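Both complexes shown next keep chain A, but they swap its partner, so chain B is in the first and chain C is in the second.
Showing the complex of A and B:
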């Protein structure tokens, strides 16, 4: 059934693009798969080219003319104060830009990480425009909650944003959302007064350095989001199957076993701890934790803990069969989606375009700790965290895993952390859980 | 059973008599419900009943019937939309929404059943009035009918609203939820964009049999065992603890009785939510308790002895230890309630019994086991059952305390369960935290929980009430 829906949408999109060809000869840039992600993405987006048509200005004029009364729109974005304030500014600018129309735009606070759950609770009552993390794209598309971005009116998101972000916003050759930020990944945060560049280059060095100083380093082993990096770095896969619901995973092959053994070895040191990020911030403040894998959202707290000694770097390497292997990671993006059930789809699309254009992204980048996905905006903003993310991005994969991934992967991480005699059995169990049919 | 069948038989027999022996007015009311009343001068009542019939017909025909006809498939037309980039608007087809079909279908059928009952009652009533007229007895006018509702038939007036409330707020939603257990409603089949449909007993089979690739059956047994152990231990420990604490405070040598009692009540005054979250942080891997244990060197000693393998005591993250901790913490949280109840009852034990026991030379333990405890058990028996059932469904304690727990049992993980989950928290995880949102499995588990609770309650209550135990303590 889903396939059919997608097919119908595609046909509609194609028909539209044929019709539009006569009028516009806009260049339609091809999306190159991000470096380092070919392995996981090429099955899904590699051979289908994402196409967005450029709508004419007439369309906007028509829309303004056709609009009667007040346009009610709801926008959901992060509950963080800096976000809320910036969005409020942007919404005011949006109202000024289209001053002929009477808007009533409500901004709601909704964490990007749980946006999907709120939207899918009652998609008809959800916000018209919402910001969400790119890992939710698959489920949102499956549930038919996202308006496909087949035409844009004020700028071309495909050309303006980085290829990785565009890939993250696309599925099966259709773009479903407007990229907003490109900093939802993780990297290593450490105290540079205590650790040298050499120390943070590999987990083995890092553990040895921490042991020597009686300090700790670590990450959240119980969370499959972080565990993924070790296996993907060594070349193992865990990603969506063809059907878009179930997973394929080969972590229990020989390489996977070597990775797991290496992890067990790293974790056997008392200096390595499995710790969630709330606890980690407290430990960093106490001075016990001097290196931790986390993302931009925690930077302010670590800044408070480490002060000027805060440093960020790409993830360390670790030894697989005696060879130093770069740890991979998930690259995360924040996207802006338009609700397919919105009563004012046209205006919702224009608002989504407005809050993701270059100026808006600059503003968001400047007011929050996040890195823009817009190429020009990204070039103008720099911070240690963003450059670490940039360095890591070459080893980062798009987050495309089905619902059955998380609990088994978290359990695997926890098992390896607490130590096990039979690594192969733990991996077999995890793979069985991850690939279990979701029906 | 026989009586029930007889009653049903009589119900329809009466209806048959009414139809066959009724005169023209009764027969007319088969079509227009109010005619039976109007023909005998009860015009207002007749009009009201006819209006009710009209509302029913309109509602069923226009609103619920289209849904009821689709109940067998739960909808066949998938939502399809086309966006027009020139006008920036979109057209959507007339699509089916499985959830609404199920909801309005159940509601519509319930209303039809209710209407049929009213309809049959109406014919009988019309016939009764015909008989009254024939025998020359008085037939009420509208004012007299109304007056009757606050006098002779006051129970009907009082119970009408609550009954309707119970049916709409409790029974219909339950039927609806039970129906979900027989569908494939999950994240992949989520209205309004996608349809779901009936799958029969498949989900029950998934829960009870070890089907290839599914670990639900395994998880179910594990979770069920822990749920029962937890419910029994949590109930018994807080119950005994509460009684002992109450006796301790009531003891003649205890000074400042009121202060002690108030101190324990304070723990009730703080919301459980806050207490539990705080405790779970305190006993966290890097919480204050582990901090203290590390500083005093106990953690190192434990490591040395090989009791733990981590640089902290995994109070809340180790299968086994966490189970014990949950029960201990629950004792702390639950005892004050039981103490309050026990205090009240202890003060009411007939003193003549205690006195005569003492005169007969019984010692304190004998008095406690032979008089106090039986008395307590008799009085609090029903509330014990309730608290056992309450503990089976004790979501708060388990969910708030075990947020950091990650299971190392891969089979449990595959079913989205943890070693420390109760059926109820497992159900919650399946619907809210899992990405797959297997509502149907949650519904199946909900039904199983209901069956367990209902059976336990029925069995224990009927045992408790059996015999003339009430006499014993009078």
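Showing the complex of A and C:
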């Protein structure tokens, strides 16, 4: 009798859990704006041809007419206060522009660098409009989370933004997001009272100048994002394979070995240190660290440390087989995506357009340290950091590496920093790890 | 002989003092950093250069879009207090039933619940998420309260052990006087179990107060006003924010400990009180 009771309980528990798994709501994403065909813009970006139809003013009028009740929208953007405040201003403007409609727009704080994870955790519960870093585009598209930008209401993002940004927002000939900024890259930040232009032209000079003054320079060797620049600068590749998931990498060829040897040589000096962002800011404040490779997000902290002596420049050269070679880098963009599962796709797309148009980008550029991707906005905003990024952009690649890149590349950076007798073995290990098949 | 004992004692205490010191260093660092004028991490020195209370005032009085501590504190408090009341009641009632009442399958049910309680709750995380989503309880404090208190009855074991030590004769004499199970529970067993109740209450407050995993899973909102303390403080540690907010984070870490300390100080005196001593006469 007692056994039966337990059995019944267990069965009931199992039945409940199975039922919970089985019931998923299947929902087809709505297709957004009216397919207006007044204007068609074609633009060659890289190897893909992206086309967007621009809708007429009628499209907006139709959208307003088709809207009943309050429009609920959620917008996720950077957690930084300057961003949050700027976005709030823009959203208020958006509400004023379309004052016929009742909006309830919530702004959430979500770092662009981890946006993909949060969105893919539960796409249906994710924001209608979200800002993400361009390297997440592939996975977001594969998961069907992004509404393709096939038509627009107010302006043509393909023509308004730089070709690099458009390329980063597109996959296989379809544009999936609205470019917002073009400053996710890194460059050299230094104290110009202590280092001359010549000092920062090459790693060899920089190290010698730091040694002479008893100061330090460096970057985060443990982060493959930075290590990449040395190898790409010398002509080695590490990028996504055709399947879009795995990596191809040739860092263990002869050039790669020469790069690694050069890095080991640079790091053999005590003046070169490998430290992360937070430590670097502290050391810069104490006056020990006078040159560091970092991005726009930490400019304010270095400004506090160096004051008026803050200067930014493209990355230095380094010697490969005795030839001065320009260090490369990753260049990244922030993109605004529209959730394909949004209940108000039309309004979400219009909002995404609104916060990425020229005026909005100008505002964001002025209030944050970021550089706009809009061609006109970029031309009118300048800062030392953005000029350095501009100069570096000629040597920068789009960040397209799979998940297996980061750990081996970081380990390689650490190994080269601490020094090794057998760089070839270290490179072989790294390449094996980077190109290992993703699970 | 006496000298040897003193020397041994000195060494023992010295050793303990050093161990205690090492153990306290991180907390001390958190404490002193919370008074630093420097907003970011300073790894080059232990004590701050200049001291200030600004971090606390920023944390408590001037919430911004990044650090909305008052809202986080309120959310965590609501969750903590309500879950604490519900789960304490569950634990005490389940323990009473298993300890004092006799019914068919009591032993079986007990072993079944112990086995069930051995599975870590995180295993069912995803199922919990989707079930709560069906009921529209994600993104709400109510959902978190349900998660924290629903299964708490399974933690009855220690409490039941304590109830077992209360002499059955006490309950029997109450029954003879005509008391119902509920009267026995509230009038006899509960008043005799203060130390156990203190333990249960502190435990059932701490778990939801400090939990991060479930809160992060269920609170999908990115509006800082909807977060709990754990999510909010974690968010501050992002690389874009840490340079401006680290000392505020430390201040938050200190403030979080305040309710726990108060709860403990209030409850502490019950720990030393006797239990059933002298309750059964003759």
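One rule holds in what follows: the second predicted complex is superposed on the first by the 393 of 439 C-alpha atoms of A that agree within 3 Å, B and C clash if a C-alpha of one lies under 4 Å from a C-alpha of the other, contacts with A are read in each partner's own complex, and residues count from 1 in each chain.
By our rule, contacts are C-beta pairs under 8 Å (C-beta built on N, C-alpha and C of every residue); 3 or more make two chains touch, one makes a residue touch a chain.
None of the values given here were measured: they were computed from a predicted structure.
Applying the stated contact rule after C-alpha superposition, one finds that A:285 touches chain C and leaves chain B untouched. Touch counts on chain A: comparing chain C and chain B, the chain ahead is B.
By the document's definition of touching, of the two partners only chain B reaches A:404; chain C does not.
Judged by the touch definition given at the top, the superposed model places A:433 against chain B, while chain C stays out of reach.
Within the superposed three-chain model, A:237 lies out of touch with both chain B and chain C [touch as defined at top].
When the two complexes are overlaid on their common chain A, residue A:127 makes contact with chain C while staying clear of chain B. In the superposed model, A:277 makes contact with chain C only, not with chain B.
Overlap of the chain B and chain C contact sets on chain A: residues 2, 5, 9, 20, 279, 282-283.
Against chain A, in their complex, chain C makes its touches with residues 38, 40-44, 64-66, 104-105, 108, 112, 127, 129-131, 133-134, 138-139, 220-224, 235, 238-244, 246.
The residues of chain B lying in touch with chain A in their complex are 78-83, 85-90, 184, 186-188, 190, 192-195, 213-215, 284-286, 309-311, 404, 406-414, 416, 432, 434-437. On the chain A side of its complex with chain C, the touching residues are 2, 5-6, 9, 17, 20-21, 23-24, 74, 76, 78-81, 84-85, 106-111, 118, 121-122, 125-127, 277-279, 281-283, 285-286, 288, 297-298, 300-301. Of all the residues in chain A, the ones that touch chain B in their complex are 1-2, 4-5, 8-9, 12, 16, 20, 53, 55-56, 58-60, 62-63, 66, 117, 120, 123-124, 139, 142-145, 147-148, 150-151, 153, 222, 245, 270, 273-276, 279, 282-283, 340-341, 345-346, 349, 402-404, 406-408, 410-415, 418-419, 426, 429-430, 432-433, 436-439.
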